[in-house]
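Let me begin by handing over the structure; questions about it come next.
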Amino acid sequence: MTLLPLAPDVLLGVALLFTAWRALYTQALFPAVVFFVAFGMLLALAWMRLQAPDVALAEAAIGAGLTGALLMAAVARLRGRDEDRP
Amino acid sequence: MTGQALYAVLGCGLFCLGFHALVVAAHPLRRLLAVNVMGSSVFLVLVAGAAPGDPLPQALVITGIVVAVAATALGLNLLLRLAVPAAADEPADGEGGS
Amino acid sequence: MKAFASAALALLLAGLAAVLAWTVTRPVTPGRDVPALIAGALDVSGVSHPVTAVLLNFRGYDTLLELVVLLIALAGVRCLAPLPPPRGSAPVGGVLRELASLLLPVLVLVAVYLLWAGATRPGGAFQGGALLAAAGILALLAGRDRFLWRLEHRLWPLACLGVAVFLAVAAGTLAAGGVLLGLPSAHAGTLILVIEGFALLSIAVTLVALFLGTGELEDRDP
Amino acid sequence: MSDSVLLPLLVLWPLAGGLAALLAPRIVGLVLVAGTLGNLALGLFLAVTLPGGDPLAHDVGGWGAPLGIALRADGLSAILVLVTAFAAPWLALHASAAYAEPERRYFAGLFLLFLAALNGLFLAGDLFNLYVTLELLGLSAVALAALGGGPAALAASLRYLLATLTGSLAYLLGVALLYRAAGTLDLAQLAGQGTVLPGGAVAFALMVAGLLLKAAVFPLHFWLPPAHANATPPVSAALSGLAVKAPLYLVLRLWLSLYDGAWPLVAELLAALGAAGVLWCSLQAVLQARAKLLVAYSTVAQLGYLLVALALVPAAGLTAYGAFVVLLVSHVLAKAGLFLAVGNLARRARHDRIDGFERVVHHMPLSAGAIALAGVSLMGLPPSGGFSGKWLLLQAGIASGRWWLVAVVLLGGLLAAVYIFKLIEHTFGGSDRPEATALPRRMEWAALALAGSAVGLGFLGQPLLGLLGGVP
């Protein structure tokens, strides 16, 4: 295995955990989705660190970009409704 | 620990975090987010767990990302149809479907 | 009781995370060097970029089924929320409109570039398709009604085109050589580019339509 | 051209059919007929080709493992492909009358793609390809469950979607661990390796947990009753009959081939879950007031028998393997027939409360007959397929020293008799009700044909076991 310098990876890992945690446990939905998109963008960086540029591109374009757009559109539509009822 | 192993371990943690949110969350949109986080974590384990730079798991993950967006789109549409009664304009059918 | 249950769940998942972390850090000796095997077969795969070779040639069957997953999602969405006939979309501010006009051709160009690049370096139909879809969504937001109308009236032919071409190649290889997706190495590069080109278009159209499936509901907002 | 071409054709044909249905809504009826009957012809061809020789294999792309993907068929895959192919035309026949446009188009497209997913899953020889087929199956099933339904159906579909995605991801995490340890995804290359590879046990636990969730095995069945009970009848029949069998098949396949049926604890655990599911969910079925919910709980209960049979395969060998297959096939036929028949009753009555089905037998004798015939098989009365299966299961239980199984089978059968008679009592008895809308006859014939086949299967046990061959 190649030994990568660890510091940036630790930082990225912490940031990933933080954004995922905020995306999953923030009360309001809109900031949760924003954190989710940030999570996706950071994940794209992680794919670069893992020597997987193809996955990074796919993650940025689809995982964060399009999924984010879908989620934003949905949240915009849900706005003003009871947050905890489907 | 190598950087790659770090990401594999991170994937394991994210998987459990996502699963926890899936179980405790009330809103279906949050559950979709949780499933997406779980998906990303599995992809991390796939790539970071294998040999460095192995193209095979990378291709698998690209497939997985596309499957995930398709499932998310379907889930969001179901969710919106439920949450926005004005849009769900067909009346509830009596045929056992109530 | 509820506090006990949530504590038990958290403990259980922490335990699971520990077991998983232990498992993924255990030393392994796979005994098969897959990257080397891929590098060895790259010459006859028709492309020089290994990830594209896996996606479109070695494991092309997976990719065919994955395109079908997109179609299924589209069918699932469309049978819930049929698109209304196009009306004037929500007008967006002039700045965004200008920006969209500027960005649109760039996005389309980058998408096509990604497709072409996939043969030799990172890129490919999925990433390119997503970018093209982004261009499409931008066009929608900028209020290009004609685009929406065209999309609506040719949705299924456009969305199915990628799978149809892939299926045709699959059936052709089966009929010609008796091997599903056994691409002859002399023509593999061309066939992959054809498959990817149509897949790119269908992926983009499907993704835009999936977006519309949710976004379209907004138009009905009182 | 070699016989192995059959395997890709079994995937390509329904795939092309699904595409045609989505592209050409005007000829949707024709596409459904051609798609399902062509699939049946291919399935029959596979069944007659197989027994003479070895299992068939097709190397997709000609690369061979670990680079490429293999399709494989042995007796078990062939039987599952065949029973799916046999049930499909009847479901399509029922659907051709049950739906109007535009639902018919989407049903046809999604149903044919659903068939392609099932065939692809039964024939896949690669762990990741199995994941893709699982997702194809799950998403098409969710889309079908939401088709033409009201809010209850949508809510149930959303829950179904989340459950099926979670199950797939747990499975995929297991696959990731196996790939990491072995450097291959090919089932044949991994054969017998599961217990040796580092992390193999963890991978097994993840894959099986995910698949049991997808199969709605007790106590992971929470999502199934609402999803199956609120869908439209042909979809309920397809989901309850076919969709939940696929993950169970995969559990059996992975456990036997990758892990050699290892760890006695696994067998005990699966058998206990199965037995508990039979008893608990049969009881739940008895308590339901809505007919479709009753039938849906009956599905979870019957899945329990399958799980017990599966658990006994390492100990009891071919007897338990045969029990699994005969029970599975007879449940596909009986449950599909029962759901269609109950759907017919509910459509005519415009509700599915059991106490509102009085004297239906006068107006819908074929559907009432279908309920009775399906009931015979579900209760396990001779000469039905359900009886043969339970008989084999009892033999397997006694051969492996599990006498408690006798009690479970007897009690489960008794409870099944109670819930079936609850249905029959109201359809055959009670006071006459005013005439309601008439139903196209083909909807009734489809139900009767499937339920009748479940009973007829009792006479076909031997050929079925012959096609099955030995334990893999």
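Letters are used for the chains, namely A, B, C and D, taken in the order the chains are written, and counting of residues starts over at 1 for each.
The working rule: a contact is a pair of C-beta atoms (placed from the backbone, for glycine too) under 8 Å apart; a residue touches a chain by one contact, two chains touch by 3 or more.
Remember, predicted model here, so these are calculated numbers, not experimental data.
Enquirer: Between chain pairs A-C and B-C, which one is joined by a greater number of C-beta pairs in contact?
Expert: Looking at contacts between chains, B-C has the larger number.
Enquirer: In whole angstrom, what separates the CA-based centres of chain A and chain C?
Expert: For chain A versus chain C, the centre distance works out to 19 Å.
Enquirer: So, what's the distance in Å between the C-alpha centres of chain D and chain A?
Expert: Centre-to-centre distance between chain A and chain D: 37 Å.
Enquirer: From the mean C-alpha coordinate of chain B to that of chain C, what's the distance rounded to whole Å?
Expert: 16
Enquirer: From the C-alpha centre of chain A to that of chain B, how far is it in Å?
Expert: Chain centroid spacing, chain A to chain B, equals 12 Å.
Enquirer: Give me the residues of chain C that touch two or more other chains.
Expert: Chain C, residues with two or more chain partners: 20, 23-24, 30, 33-34, 38, 51, 54, 58-59, 62, 66, 69, 72-73, 76, 80, 124, 126, 207, 210-211, 214, 217.
Enquirer: Which parts of chain A, given as residue numbers and ranges, touch two or more other chains?
Expert: In chain A, the residues touching two or more other chains are 54, 58, 62, 66, 70, 74, 77, 86.
Enquirer: Please output the residue numbers of chain D that touch at least 2 other chains, ranges allowed.
Expert: Within chain D, residues 66-67, 128, 132, 135, 139, 142-143, 146, 148, 154-155, 158, 173, 177, 180, 183 contact more than one other chain.
Enquirer: What are all the chain pairs that meet the touch criterion?
Expert: A-B, A-C, B-C, B-D, C-D
Enquirer: Over in the complex, which chain D residues touch chain B? Could you list them?
Expert: Against chain B, the touching part of chain D is residues 66-67, 128, 132, 135, 139, 142-143, 146, 148-155, 157-158, 161-162, 165-166, 169, 172-173, 175-177, 179-180, 183, 229-233, 290-292, 343, 346-347, 350-352.
Enquirer: What does chain C use to touch chain A in their complex?
Expert: 51-52, 114, 122-124, 126-127, 130-131, 133-134, 137, 207, 210-211, 214-215, 217-218, 221
Enquirer: Where on chain B is chain C touching in the complex?
Expert: Against chain C, chain B makes touches at 1, 5, 8-9, 11-13, 15-17, 19-20, 23-24, 45, 48-51, 53-56, 58-60, 62-63, 65-67, 69-71, 73-74, 76-78, 80-81, 84, 86-87.
Enquirer: Applying the document's contact rule, which stretches of chain C touch chain D when the two form their complex?
Expert: 19-20, 23-24, 26-28, 30-34, 37-38, 41, 54, 57-62, 65-66, 68-69, 71-73, 75-76, 78-80, 82, 156-157, 160, 163-164, 167, 170-171, 174, 177-183
Enquirer: For chain D, which residues count as touching chain C in their complex?
Expert: Within the complex, chain D touches chain C at residues 1-2, 5, 8-9, 12, 15-16, 18-19, 22-23, 58-63, 66-69, 71, 102-103, 106, 109-110, 113, 116, 120, 128-129, 132-133, 135-136, 139-140, 142-143, 146-148, 154, 173, 177, 180-184, 197-199, 202-203.
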